[in-house]
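Got some structures for you, see below.
Here subunit A shows up in two complexes: once beside subunit B, once beside subunit C.
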Partner chain A sequence: MFDIAKYYEAKTLEDALSYLKANPDVRVIAGGTDVLLRIREGKISNAHLMGISFIFALKTITEDEQGNLHIGPMMTFTAIEENEIILKHIPILAEAVGAIGGPQIRNVATIGGNVCNGATSADSASSLFCLNARLKIQTADSSRLVPISEFYVGPGKVILQPGELVTDIIIEKKDYDGYTGTYKKFAQRSAMDIATIGCAVILKHDGKTISDIRIGLGVAAPTPIRCTDAENIGRGMTISPENIDAMAKATITNMRARDSWRGSKTFREHLVYELTKRAVKKLVGLPEEE
Partner chain B sequence: MEQTISFTINDEQRTMVIHPGQSLLELIREDLGLTGAKQGCGVGECGACAVLVNGQAVDSCLYLAAWADGKTVVTVEGLSQYGELTNMQKAFVEGGAVQCGFCTPGIIMTATEMEARDRNYTEADIKRALSGHLCRCTGYTKIVEATKKGLENVGKCSCDHE
Partner chain C sequence: MSFNVIGKPVQRGDAAAKVTGRALYTRDMKMPGMLYAKILRAEIAHGYVKSYDISEAEKLPGVVKIVLPKDVKANPWPSAGHPYSLNPAHQDIADRQILNEKIRLFGDEIGAVVAKDELTAEKAVKLIKVAYEALPFVLDAEEAMKEGAPILHGDETNILRHTDIKHGKEELSTAFSKCDYILEQEFDVTPVQHAHLENHIAYAYVDPEDRLTIVTSTQIAHIVRRVVAHALNLPFGKVRVIQPYIGGGFGNKQDVVIEPMAAMLSLACNGRPVMVDLTREEVFYGSRTRHGIRFKFKTGVSKDGRLLAKSMVSIGNNGAYASHGHSIVAKGGTNFSRTYPAELATEWNGYTVYTNTATAGAMRGYGIPQVNFAVECHMDDLADDIGMDPIEFKQKNVMKLGFVDPVSGIEIKSCGLPECIEKGKAYIDWDNKRKEYLNQKGDKRKGVGFALFSYATAVWPFSMELAGARLTMNQDGSLQLTVGAAEIGQGSDTVFAQMAAEVMGVPFSMVNVVRGTDTDIHPYDPGAYASRQTYVAGQAVRQAAESVRDQVCARAAKKYDIDVKDVEIRDAKIYRVSAGRLLCTLEQLAMESFYEKDESSTIASEKSANVKSNALAFGVCVTEVEVDVKTGKVNILKICNIHDSGTIINPILASGQVEGGMSMSCGLALSEGLKYDPKTGQMLTDNLLDYKLPTVLDTPHFDVDFVEPYDVTGPFGNKALGEPPAVPPAAAIRNAIKHATGVRVFATPMNPQSLFEAFREAGLN
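Let's look at the complex of A and B:
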């Protein structure tokens, strides 16, 4: 039995927002793979929860007239992996969420929960950083758009205030159109494991030059980050193994890795260098390993 | 605080009063007396508790009973028809993929979801699909082989066979 004192099932988005407004102590539960685990571990007790999994409006992926993508936060990882719009425009996200847990977890865990949980290890986060995703955050009375780079404020901490719900994840056409991307996860086991490092890279190139590149990292700092120093070196760079190597080395300046039982700071820095290099080489069609 | 839910379990329509803290596994095992699904880890790591919810395998230890409302739940007890095991179940029994059997009901549910999906599986796909299950007895080889066999029966296996 989970220590849940009260459970409310929101029927619609409006219903959810007004319940949140009337009950400042309530905690949102999406797929529950983080929340129920924390209750199981005794980190949350006597919980008052509001379920949002019956709200259809939060479970769609659409492409609007401008070509911008809207990902409902209640989309499960399985649904994202199999979604045609995602596979056509941002397959990097399908690749990233496919690296999460096992199938039974991916069948219930959601992208909104992954992001809102605030973990630097969230496998979807680094790709969303690369794609300059923006989150629509709503209350019963207001709505704001926040770039994902401003959403994370510390380890396990996001900017969400009581009463707020993430209702849309938006990726603009200019941020994905013409880019190719890939996600590389290093974990101690090949499945069912939290990342030691997650590395997402998207770039545009013509075979000779990389015209634009974005690098997103998980577990390289207390929150997911972008490697702006390496990106600046990579933008406009002539494609060669030496240049890619030099750019990958520059990832270290943006990192604030820590020692943990999963890996030391030095190991993490080496992983980021190696994974960035391999990801870029793969995307420009060079052999990944020397 | 109690709540009433209506759902289908193994082809039977049920309306039940639940507690908000109840997991789907507790509802299935304790209230319905269906003890096929097992509680191993209780935290989504081992898959012993897997059941199908609307055709998808979920770890019922980490899934609220409240979420079953309006849905269709299938446990290992609901697979056989007229006393006859499914092809997947037969493949496990005949292939020696069952030792103590603790992990088997969960793995069978994931394998059954694979059977129903509109795709083909390579050996690597099968291993990936079973990665949410732990078995302490078999060493997995026979489980993978049995799953392959079960999928072959429905033409969904594209593994290389020697």
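Let's look at the complex of A and C:
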């Protein structure tokens, strides 16, 4: 049994935003795969929830005239995995969200929920970091655009204020056009597991040189991060196993992994090095393993 | 032996009921006026409750009763699902209270709330304020044995029991002096949990005629009745225990975990039905676990690979309470003594030790998965060290047909092990792969590994074996079979029906099994444990069926005035053998037994079989793995268990048992393990996210094979099958990792973190 005191089902985006404004204590529930767990664990009691699952405007994926992509935050992972626009332009995101939980979770959990939950382990986040995603945040009276790199402020903490709702996830054409990408999730299990390390890499190359590269990591720091030091080494780099190895080694400088009973700092650092190396090799057509 | 129904892959009788959701489990059976309980659990690992403040909790609307230790009047009780011993020296340790004043583990039961619904009970539990007096605690068994360690029970020692067994022609030290090579090693098997689908759940009520009734998900209904009756001072006949369909047990329900609590709470609420439904977290820390055991070996061999002397020290972490006590570590000791007999001397020292961790109890394999992992790794390493092929070395030293176990006196009367080994070698292409995978370099390396086992089917002669079955003939010649043995998903009801049909000469479909266990209805049987049911309860079923068959034949002989030896039942028809002539159908005879005016007497039999034998099952596991030395990930490419369990009663169910057991052992080997916070003693892995039970995607395809020597001691030539599949895979996987990488691992689980560290130490990453 869940300790839910009150539940409101928003009908439209406007309805949701005005209910949020009128009820500062309300908590938004999307797919519920995180919120319901917290209620069960007793971390939320007498919950006042607002459901937004019936707001159609938040459940679309579109490509605008400039070729920018708009991902509705209420898109479920299954819907993203199967979406033609995603598969055509940013298949890395389909790969990443396909690594989450199991089919039942992916059928209800949403990308907006995954991001707003603020977990460093969110499988969608590292890819969105690579893609320089921006989040549209609305209140009943205002709207702002925030780069995803500024959205996370700490473990489980994001910049959302009471009354605010993420209403769009935007990826500009310049951030995906011409890139190939891959997401390497390392977890103990092949399903139903949280990442020990999540490593997303997108890059542009001509077979000889990598002209641009972006590396996004999960569980390598209290929030998802980008490996700017390694990216700087990789940008313009001649493709060779030795160069890739040196670049992958540089990921460590941006990391802030820590020892926990779930995995040691040394192991996580080693995994980032190994996964980055394998991801880049895969993307440039070299054998992944030695 | 040729059989008509036995050995056939009939579909299990309850399959459709279960997959369509029509089978009702404990949670499905709500009663009018039912109340729900939640347990108040300690938030320290060791100490006392100084005071409770229940004032806030009492005020919560919907709270019916708050119960604290001082309110409970009950005798201390033993929780183990063992048959009672009439000898007080052999009785299980009665160290349980329904609610505890002294706290021995983080999560110990220190109070309970009964309310109109679970949410209210849960909220009320949170409103109870508890002040503690904390004592130092100890989590590691070897630490707990040291002088000065915090003591859990009494004030002398944490050692529950110590066994010292020695046998052989010579003193151990003399024997070691004659060895050409001696290897000393230490292994650690981390505790794991059963993770059955259905959590522990029970409800209790007082029926309209003042009898206490408990509906519970248990493997041992009759034992629950005995324990609850003792604990609450009730006459046996006034306690009724009902076990409906059950969602798995694997030994965790071979223990009286929550039934006394449910019964006590119902009595505290004027006999209203009270349900206790544990959460997954509570099951992890508050039910039972497999024992974590540390093994220390010293083993000596001759140059040509003969095992001359061996010693083992095993230290089992029993957690906070006795539960099954020393039996599990002891069973491992007897297995060690016999599987590879040493020519000159054998010594074993076993300790079972209390610590402030979750209580360890029975789990599929009962101590053998642990000792087998350690012994099969140790023997493999010994073979490597003296330059011998591990299979050749093991085969040379393992016990053979006719061997008499020096400790139990059990004689091996059937042994298909040599055939299992040959099949295993062929399956994995052993000789070629052992050479092919030498000296690999890359990130991913392959290896093959092997382990064998022996396994005692039942508990005789260490404990008694008794099982009951009743077979009643209906008017149409069909039969109702009522067995005390518990169907817990393993398929026992189906194989019992096959046995009855076989003896009776009727098709399988004519035997109806009276499902579940109800102590008012089902004859006495201590329950589902060991690998005893087809072996022990099978004898009772066989005897009851033989009696019913004989009654039918006698009735037919009288009716047709022929010699009873000349009567035979085939396909539910009665024949005169000498004339090759059909006499009548079974239905006709059954109808007459009910309704014939002068000679009616219904046909039925109830038998209680006291089985005084035991048989050893054997088998091997062979596997090929691929190891990523950079990330510590292990991928099982091929794995096969080959079993000698004597006659296979039902090949589909048997394969299912083997696949399930292999999956448990793969989890133990590669990912599962319970962890505790060293600062607080709280279990860290009390949920299915942090406890890495393998998912279906982590599960390789399991190949299964059988060899079927007929064992004369089994009712149909059959031996243990329930537990053995969970025994050998872990060691085979470890030995394959060693073959792939050259790195010897000494602890489970061999998960990425631990393998990464081992490979780093070896310079592989």
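The criterion applied here is as follows: the second predicted complex is superposed on the first by the 290 of 290 C-alpha atoms of A that agree within 3 Å, B and C clash if a C-alpha of one lies under 4 Å from a C-alpha of the other, contacts with A are read in each partner's own complex, and residues count from 1 in each chain.
One rule holds for everything that comes next: a residue touches a chain if its C-beta (ideal position, glycine included) is under 8 Å from a C-beta of that chain, and two chains touch if they have at least 3 such contacts.
This is a predicted model, so every value here is computed, not measured.
When the two structures are aligned on the shared chain, A:102 is found in touch with subunit B and with subunit C. In the superposed model, A:1 lies in contact with both subunit B and subunit C.
By the touch criterion defined above, A:192 reaches both subunit B and subunit C. Of the two partner chains, subunit C is the only one that A:42 touches; subunit B does not reach it.
By the touch criterion stated above, A:270 is placed in contact with subunit C alone, subunit B being left untouched. Look at A:53: by the touch rule set out above, it reaches subunit B but stays clear of subunit C.
Shared contact residues of subunit A with subunit B and subunit C: 1-3, 102, 190-192.
Taken together, the subunit A residues at the contact with subunit B in this complex read 1-7, 9, 29, 32-33, 36-37, 40, 49, 51, 53, 78, 101-105, 107-108, 190-192.
Every residue of subunit A that touches subunit C in the complex is listed here, in rising order: 1-3, 42, 45, 102, 186, 188-194, 196, 261-264, 267, 270-271, 274, 289-290. Per the touch definition, subunit C reaches subunit A in the complex via residues 117-119, 122-123, 126, 442-444, 628, 630-632, 671, 675, 677, 684, 688-690, 692, 694-698, 751-753, 756-757, 765. Listing the residues of subunit B that touch subunit A in their complex gives 1, 3, 19-23, 26, 42-45, 47, 50, 56-59, 62-64, 66-67, 69, 110, 113, 128-129, 131-133.
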